[in-house]
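Read the structure below first, then the notes.
Labels for the chains are A, B, C and D, by order of writing; each one numbers its residues from 1.
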């Protein structure tokens, strides 16, 4: 248990401990999130970095309990210290349809998504969709809610917010819609915002504007952000701390400067090298060898070893490394920094258990 | 005449005397009518009845007034209701259909060569609105409808002789004189068949004038025809009638209600004005009549129903007698063949017609049919296997000699003998020439026996199915052409049919549908083909001539001779001679099974229903001929 | 399948994985897996396979011929094989007693009395009425058979004294193929117009869309009736069969065409089609090489889904007497004979064709449902 | 919006004309005409007279005129609201339809209301409880319901009704009520007669609505915006009923276009089996008897309702869906 801060407040807003989320598909069980532990500080910004399919989004969904069948959280704890500031509460223990959880969603923790084009109900006006969030969390009248909504739209730098209220999602551009999404998320002033690749679907200029906006808002409102992305550049701009995920596991964790200065895990290193840098000649881009295996078909040992240039045969392909602190605040899960003495021997880490009954 | 007048005077004196002494009537009437009389809404019964009402002898007993008679009828003209409640012709069949009895017409007189006829109408008969019925009502039909070119009503059968119209003359209000260009001895019989003919021809002139373009501002005769025509005449509540019940309500496609005619001109032997039953409530189904009859019958929702009970439903209605509180009476359907198989001698393929004219070919077709099997499978084994030989009840078969003749005819070529059939075919060269398993024509070309069957006539479809197997078995490649009735008819008139099979009605030698045995009319039921009948009917102007000297020509000649014979006995004897051609020349039309039983659903307390009835012949007008006005509900029993 | 649908597009089975070496066969395999998983669809397809086999081998399965009448047994209740005789002795081999049949002149009912002296044992794979399979294999071996005079009618007989059990399978030949033929015609017609409309667009597309719009909104039965009334009544029952198929497909092609058009419309904008067009491939080539193969699985699914409607259509038309005519038979025609009060009350066995109709329709629905899910393995 | 509607209405007119020609031709095309079928039926009823006046009958019904002439005459009158007379029933087609439209709509609207009223909630329940026992049960029932032709059900219900009550509940009213003014007893009688047809048709109808609803709702529930709604803490009930259901009504509303025509011609065979005095029964008979004006009018009426229905559905969709509205 971490130390309590002043006035009994826990220093972290959210603590994820050994989270396991699995998908029970027809081909077997897919361990999308496999023992992830993270901490988000109050008002802090944590970046969750990884390629498609590494489980970073599922981690985000798990926090708000948005994982739907056949996915299910099977283990671990998500402790939220937003309301119960000292003891916290375990979000995984709440019933999915419970009122308690509903009051967390939107009001305490809000989320914005990758696809602003499809994330709004096409049949309702933008205004009503923002007001809906407000009306379900705050004891205000309709006209007050409208006022708040317009203010929020204004806050997300939406031009002519009062007019936009009447618009329907299909009338807005992608960037505008993402602003609306952010407005919805911010309308109830949550303590944590989960941003799931919020700029992936946007063009570069819009992306920059949105990121800029989010940074400003974070400063203004003092909320924490969990920023999920595959884009190192975005991470560099947005996050204070970073966790790198690969195939459902966190492989490296540190503050942003450390990570960029000294990436330790071969996967992180590879990621860094795959970014084109100014001055570097095109065509010399270093790509990571091979493809990400299916999460339903995780290799034995260290999941990254088939693609790893530094893999130690006989070790990396049999044993799974554990997250080790290599320096203060820098955690890596790799045998290069670990003698393997406390590593588990996993001969077959393939969770494709075909005998598991289907949901 | 003098006698009548005296009687009338006596009666008048008696009535007025009675009127002075008491209000006692000579006749009794239904309680409901008596109330109306008491209320002054209706004249007393004696005034409503003619001086000499027709006295009807009840079948079992004097009945009781009251009750509603529920039945089912099809929506097309309510034909069955008309057969029940609209049969009031000049003369009416006896209940055993052996001759006619006076009805509207009380007496008549022919001249010697049957070209002049004087008939007397029953005096004092009133329409259901109280208006007197006179010969003018008949003359309106003849002069203003048949003879009026603007009215699409044709001169019916019997009113023309050899293509020339009769003429009619009014002698007095109750006497008509008919003149015919040639002998027409069967005129009254022709006119008295069924619910059409004269039952239809006496129209309420005082009422119909309002629809006639000549007498009103009607634009055309559509409304007139609508009120007159067979298929729609029961659709008009308030239209005056001579029948026992008058239409009081009609809901298209759903319901027809008739109520007693207060002016009905018949009484029972105890002087009770008929009818006994208050009203008829007829349900008109949207779809299949037979199914609704069966359903309603077993549910006890039918009081009397003589038509529409499917042969195959008889076990069902018998089984549910007790539950539905009714009894099942079996009448004779009277069909002489169902199906009758008509080779068409006007088929355009001469090779086929050659075969048709060979009696061996037709005999082979007939012998190849396993009639007992058809009877077992499709007729519950309750029909009679027989040749095409008209109805056994026809008058010409009622003598000893006639009965014997009938037996011989019915049995001719009717045995199941496929071997003989094969030999007969061999004998005329219809053999398998090319070895494909099917017999070919004498010239060696392929022979296909094509039979047109109306799809709607399911018994015929079922039975032809079996006959096809029989014919296939003797090597005749048989094709059934099962098509809708209207198309069969079309093909019939255009001469495209090789062989036609359908269900027969009853046939009465000369009075009813003579053309089924001799080709004299251009109609679909004409033996040998419509166009051969039309040839005769048009005096050779249209149609197809029968082959010279053939049995078809012999039959036509025989008919020409027959219809001018005045003496009934002589006529019947000659008729048998003409029938002999059908035996000598092999079956001209092929019969199969006939005389099917016809079940009646009769409510347990529904009385005075005779045991005898012949339902297939519309000309015979059952159950109208059984006098439904004397049917009654036994309210005690 | 999965309610969350697109919520983890980048996380689980996104396009990144398809190309992975382990998953090269995955599309087809995924379809099969998904289909196999749908137990109802699996049951449905098994039932259908059995039905179609039974239709092909109708002569073998039924002990009697299509038109074989048993004159003493019209509308007979089922005469089932038995294992226990009148004395209560058990026999492993099923047998029947010969029956005497007479009409009771009072009740007009047929009375059957069994002759218990002789047991007639059922013969399996025995010789009986000759028949042909698929029009060329001639044989007279039946699955089971009993020697005259004994009879075995598993489902009773119709009013003509024909074994209903045998006839149902002969009827299946018509009823089951009418849907296939009708759907094939719809497919050809609908696909051609759909692809043409979707690919070329323009006036042709507008007109065909308008026609289809009216066509698919029109209630089917009145249209069927009107069109069935057009069939020349002089046609033979085989011609009628095809005419009915055409009528069914004329009413049905619209929906199919519309869906095909929609897919082509979408595909038209796909990179590879545009690329093909820039490579100046001919329209025909683009349609046959690119559009058709890519829409095929969907077209097949749509086809499967529209078969039940066609089978029902045939049943309805024949039920009304406007469909198949004897000597052919079909389930609708068999049911046409069963729509009598007496059948429902006294001869309920004549309704068994309805069970076959219902089972077939349900199976097709199950199958279609399963195929639809399977055809779109990335839907979730 | 007004312009949109106007444009659609104008687009309907040529289609309507085509339907009219089609309707007339389809009725005209079969071999023979009303007179031939009339004569034959009359013979079947024992009236041998009709055959003798075939030509007169034909000229009486104006069937001796060429097809195009009759079509033009009829169309001209049709445009004025005169649909011609039925040959068979000898009444104006208009009157026949007027007589029947009331009961036809009563039964079809009842059927429609019940199947949608039951089908939608059950579909929603099924979709929101996917793979639950109830869902599996309902899905199976749906499949069976879709497999059962309603006319067979009607037949079965009729017999069942007879065995239970001893009454044959064909038609829609007992004869004794036919001409009576409306009274509670008459209404009760009508309802009693409606039970069988409504049940028979509702079973298939509900199955269809349920299946469509379930499928679409499942599809909608998988959409991104649902996640957004959940993430912003909207109660599940509101997510389903306010958002997902509204979004999944699209195909059902599109089907409303067909429903309008269905209302007057939806369950033809059931109507015939149960002897219902509806337009459907008249249509079948008219088609079989080549009663051209009656059958043709109904066919065209159906076509007309199809077009109107489609238009209405489009308007409702436009009203509901801003994407269509602002196109």
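Quick notes on this structure:
Note that in this section contacts are C-beta pairs under 8 Å (C-beta built on N, C-alpha and C of every residue); 3 or more make two chains touch, one makes a residue touch a chain.
Here the structure is a predicted model, which is why all the values come from computation and not from measurement.
Chains touching both chain B and chain C: D.
Between A-D and B-D, more contacting C-beta pairs join the chains of B-D.
Distances from each chain's CA mean to the overall CA mean are smallest for chain D. Averaged C-alpha coordinates put the centre of chain A at 54 Å from the centre of chain D.
Computed centre separation for the pair chain B/chain D is 41 angstrom, with centres defined by C-alpha atoms. Once the centre of each chain is set as its mean CA position, chain A and chain B turn out to be 93 Å apart. The geometric centre of chain C is 26 Å away from that of chain D, both derived from CA atoms. Residues of chain D in contact with two or more other chains: 31, 130, 158, 223-224, 227, 272-273, 288. Across the assembly, chain C contributes residues 2-4, 6-7, 233, 339, 341, 345 that each touch 2 or more other chains.
Of all residues in chain A, those that touch two or more other chains are 61, 66, 69, 115, 118.
The touching residues of chain C, when paired with chain B in their complex, are 67, 69, 71-72, 74-75, 103, 105-110, 159-161, 233-234, 236-237, 321, 325-327, 339-342, 345-346. In the complex of the two chains, the chain B residues touching chain C come out as 290-291, 294-295, 298, 310, 312-316, 318-319, 373, 376-378, 380-382, 455-456, 461-462, 465-466, 468-469, 479-484, 487, 491, 597.
Contact residues on chain D toward chain C in their complex (touch as defined above): 15, 19, 26-27, 29-31, 130, 139-140, 143-144, 146-149, 151-152, 155-156, 158-159, 218-219, 221-224, 227, 257-258, 261-262, 265-266, 268-269, 272-273, 283-284, 287-288, 295, 298-299, 302-303, 306-307, 309-310.
Of all the residues in chain D, the ones that touch chain A in their complex are 130-131, 223-225, 227-236, 238, 243, 246-247, 320-323, 326. Per the touch definition, chain C reaches chain D in the complex via residues 2-7, 40, 210, 213-214, 216-219, 221-222, 225-227, 229-230, 232-233, 308, 312, 315-316, 319-320, 335, 339, 341, 344-345, 354, 357-362, 365-366, 369, 380.
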